[in-house]
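In the two complexes below, chain A is the common chain; its partner is chain B in one and chain C in the other.
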Partner chain A sequence: MTNNETIVEAKSLSKFYRLPKESLFKKPEVIKAVNDVNFKIIKGKSFGVVGESGSGKSTLARCIMGLERPTAGEVKINSVDIFSLSANELRNMRKQFQMVFQDPFGSLNPRKKILSIIAEPLDVLEKVKKNDRRSRVIDTLKSVGLKETDIEKFPHEFSGGQRQRIAIARALITKPKIIVADEPVSALDVSVQAQVLNLLQDLQDSFGVTYILISHDLAVVKFVCDDVIVMNEGKIVESGSAKEIFTNPKHEYTKTLLEAVPRF
Partner chain B sequence: MFNKKNIEFLKRAIKHRSFIVGGSMTLLLIFCAFISLFWTPWDPIKQNLLIRHSPPSWEHLLGTDQFGRDIFSVIMAGSQNSISVGLVSVSIGIIFGVSIGLLASTKRGWVEELIMRLCDFMYAFPAILLAIMLVATIGQGSINAMVAIGIFSIPVFARLTRGAANAIWAREYILASRSAGKGLFRITIEHVLPNILSVIIVQATIQFALAILAEAALSFLGLGAQPPTPSWGRMLSEARSMIYLNPWLAVYPGIAIAISVLGLNLLGDGLRDLVDPRLARKR
Partner chain C sequence: MLDIKNLNINLNTVYGDATAVRNLSFKLEKGKTLGIVGESGCGKSLTALAVMGLLPENSWSTGEIIFNNKNLLSLNEDKLCKIRGNSIGMIFQEPMTSLNPLHTIGKQIAEPMILHGKVTRSMIKKEVLNLLDMVGIPDPLKRISSFPHELSGGQRQRVMIAMALSCKPEILIADEPTTALDVTIQKQILDLIKDLIDEFGMSMILISHDLGVIANNVQEIIVMYGGVCVEKGYTKKLINNISHPYSQGLFSAIPTLEMQEDSEQRLKTIPGSVPEITEIPKGCTFQGRCEYVSDICVKNSPNSVKISEDHEAYCFNLDKLN
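After this line comes the complex of A and B, so read on.
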């Protein structure tokens, strides 16, 4: 094992969407949400994907998660192309990669208790006994800074930041190697953002997870990520270490993005 | 059972006028049907031609009909028929309608198109006409009427379910569940169905009322319950020839139908208000 082991690799990944036909005789329009994207992610580091809304970041995240089948190209996790796997094999792989979503109000089923929300990946991916299940949920809940008694509550009893912690706990429960976080803090207040980002970093230190952090907010990416790609209209316009990109942007688009950041 | 959320729900329910009024009327209907299973003041089937068309008295609260049967007892026994028609046809509608609606929203693509176009096709016929057509083909009788009414409520539930389920499928917790590795079937059962159940229940009460109305219409035409089974629709049709002699014969079953349909509709409206997430959920 070297320190620079690649854990996720995208090879000429493309995802096109066909819009509904506007006229019977015209060809339907195609949106190239992700267009020939290549990158490698190093184990244990944080990888940032930056771009405006509509630049294909979320589609990229869904492709990496195996939720959308790409039009072309492959996604390799631990050198296995996840789209060459059968449904069952892919399910077994899922233990290794989990996702945190943008909207903490929409990503938790309002009818379920916290216990069953957090245990959901566990129920599908691992066969655990009832006592084990409960204690693992409690452990994970504690590691994201929530209380043991919270497992009997419903999502509406929590604030946005707490809900996002619950979502992170759900992603952590199977002890994944990779967590894809799609705009994990953009729905939160600025003061809460910092708490959640700190939590993400602490968890990386203690569990050694690799993050793929998707954000339009450059400050967030700068704070968390080691390597960054900048996306525009489905293509990577610039990639490199976060330090490099933020201090010395080469591409025009990156420069405009950086200039657009409000300074206080 | 009695956590904070449910108690809050009950509190709002007690304050909701149409829910309470509709609920009481529906309970009255159910109570009537239940009691009539064991007891009615007089035998609703036995004829006594000596006391035909007697006016209301303490002995016969609503008087007697052209065969000397106690109208109050016939009305009570007729509620059984209405309730069983409602139950059976709504169950048929829910079982098939909800399943194909869920199938459409889970599979999407051409499956959804096919199912929805079939529903559109069924919608093109007026419901009662469809029921008459079906009963005319498969034969008259109570059971057939229930099935026919059930069949025409399938597309109602299918459309409703598909629409509500599509909205749930777009939620992020579904995506979270998929990335946890859950299959489409399990997601449907564990996440989609519980979240659309309230909408289905509301529709069920309204569909129940429609079924009672449709059954009355079918029986009125002689296609529903056959004599001597007591049925409100048939009471109406039997009263038709007596309308100048004894108009009250038509009024009583009419009132019974009106009360149960109104009650169920009010109950449905009340339930809809109560489960509406915009009012129910406080952020």
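After this line comes the complex of A and C, so read on.
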């Protein structure tokens, strides 16, 4: 399967935000959140985006997901530029890429049961029969290590790690080709973080999904990812295989980042 | 200098009473640094608050916290106020929310010094400028009249450090001082704290969930789980011979940069999750997630077992482990 087929490609992607005018006569300041970024992601591999806060990594994720329209450049998924699609076509395309958010406490609707939380992408993107819907939710729930009986529960009955599993199940249910995970473990305790990281790897082995993992934690990225880009102030400062970047960093900024990580 | 004996902290929560810290004892000597490491809900922050006399209203504590021959737990608010911020300083976790947004940073740094009568009116500005310079804020003369929102996260944490150090305390308590910061800024702040401690000969209690941060910055470590100390010892001895099943699990669950590149590799995990504070079991607090659990762990709380000089763990099954 890994015949080096490109699944996602960003071509001179830029996203600028305009700040409110300070004075009527001044030009508004522009923040270059993502500035002329190029990369290719290979099918079935994990792609890591590393950077500190404000480096533009989350904006990049939102552009790849089609949640933000870039100022310039294009994002191609399976060779289709997603921003040339109509709203309808883009929605259909979304079956193929899903997102896991950072905060498992804020990203699940507290008033819905797990069944309807996980089934929501199905309801929006595919028309499935009621029985089918239920059995697919149960299958997905089992694949992330939760129980069949959990579908009747509410989010507050679960711990942080379990909630993140639910969020992953919700991303998996449409059988996506790509999952964008924005800091998926940063809100979790260390002992639980390991469980979720192992789960992500298992799911890749069994479903062949491509991950785009966004994280400030270099060790997490090294553990999960095959290819990595390092971002600083909206630009890619270094890109390459995880092994290369972590053992033999070239750029000064990457070196500073790696040196700053406390070790024991 | 600081001697904590059998500290118990109880909380009155909506789900009933709970013991958040149980029988915690440790000593901190002058000029030494101590780290408390553990996951959320293990009682590490409450311990710090107890030393500061800042426990929440719905809590009560027993035991003794002896500081310079006085039991802090039995002092009244007036006397505590004289110690708090004066001989014991604290750096809080969130630099974003722990500064007052309505006052300039100069005013906020000056406040503890004025309260504790450390400086005369005429000297205040000079002192504040000195402190700002010491914690590495560029252009202190300009920054002294800045408001917190004009500073970055790292700079705000530097201001917090300046406040904590303004009265030259004997003990500095740093509760997750770098959790909200980026790694490069984290390193700067930790290095700064280290330098200042050496300079003033202060003692420090550093609290963090990050084992790397703890291992690099303190001389002695306490590992806490479910409100009790499960292992403590001198940093080098403990890191080289991690003994308690929980500490072992915790250390091996973290991906590190030194790990070998191998797509088949998996992290070791501790099954289950951290128990809610109201559901901490009697006996050993780690029993529900421990692979070596036996009958005695459920019945009794384990006593301290000496592993080597200055290194002990609280577990019944240490011989099975190694």
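Everything that follows uses one rule, which is that the second predicted complex is superposed on the first by the 262 of 264 C-alpha atoms of A that agree within 3 Å, B and C clash if a C-alpha of one lies under 4 Å from a C-alpha of the other, contacts with A are read in each partner's own complex, and residues count from 1 in each chain.
Rule of thumb we're sticking to: contacts are C-beta pairs under 8 Å (C-beta built on N, C-alpha and C of every residue); 3 or more make two chains touch, one makes a residue touch a chain.
Keep in mind that this is a model prediction, so the values were computed, not measured.
Student: What does the overlay on chain A give for chain B and chain C, a clash or a fit?
Tutor: fit
Student: Which of the two, chain B or chain C, is in touch with more residues of chain A?
Tutor: C
Student: Examine A:E120 and indicate which partner it touches, taking first as chain B and second as chain C; both and neither are also allowed.
Tutor: The answer is first: A:E120 touches chain B but not chain C.
Student: Which angle, to the nearest 10 degrees, do you get at the Cα centre of chain A between the Cα centres of chain B and chain C?
Tutor: Computed angle, apex chain A: 80 degrees.
Student: Applying the document's definition of touch, where does A:L257 land relative to chain B and chain C: first, second, both, or neither?
Tutor: A:L257 sits against chain C, while chain B stays out of touch.
Student: Which of the two partners, first being chain B and second being chain C, lies in contact with A:Q102: first, second, both, or neither?
Tutor: In the superposition, A:Q102 touches chain B alone.
Student: First (chain B), second (chain C), both or neither: which does A:A219 touch?
Tutor: Only chain C; A:A219 stays clear of chain B.
Student: Which partner does A:G161 contact after superposing on A: first (chain B), second (chain C), both, neither?
Tutor: After superposing on A, A:G161 lies in contact with chain C but is clear of chain B.
Student: Once the shared chain is lined up, is A:Q193 touching chain B (first), chain C (second), both, or neither of them?
Tutor: After superposing on A, A:Q193 lies in contact with chain C but is clear of chain B.
Student: Based on the superposed arrangement, let me know which partner A:A242 touches: chain B (first), chain C (second), both, or neither?
Tutor: Only chain C is touched by A:A242; chain B is not.
Student: Which value in Å is the smallest Cα separation between chain B and chain C when the structures are fitted on chain A?
Tutor: Superposed model gives a least chain B-chain C C-alpha distance of 9 Å.
Student: Taking the complex as given, what residues does chain A use to touch chain B?
Tutor: For this pair, the touching residues of chain A are 62, 65-67, 90-91, 94, 98-99, 101-103, 105-111, 120-121, 124-125, 154, 156, 167, 170.
Student: Chain A touches which residues of chain B in the complex?
Tutor: Interface residues on chain B, with respect to chain A: 5, 171-173, 175-182, 186, 191, 194-195, 281-283.
Student: Across the complex, what residues on chain C touch chain A?
Tutor: 39-40, 153, 182-187, 190, 209-213, 215-216, 239, 249-251, 253-259, 261, 263, 265-270, 273-274
Student: Tell me, which parts of chain A touch chain C in their complex?
Tutor: Residue list for chain A touching chain C: 52-53, 159-162, 189-195, 197-198, 201, 216, 218-220, 222-223, 226, 242-243, 246, 256-264.
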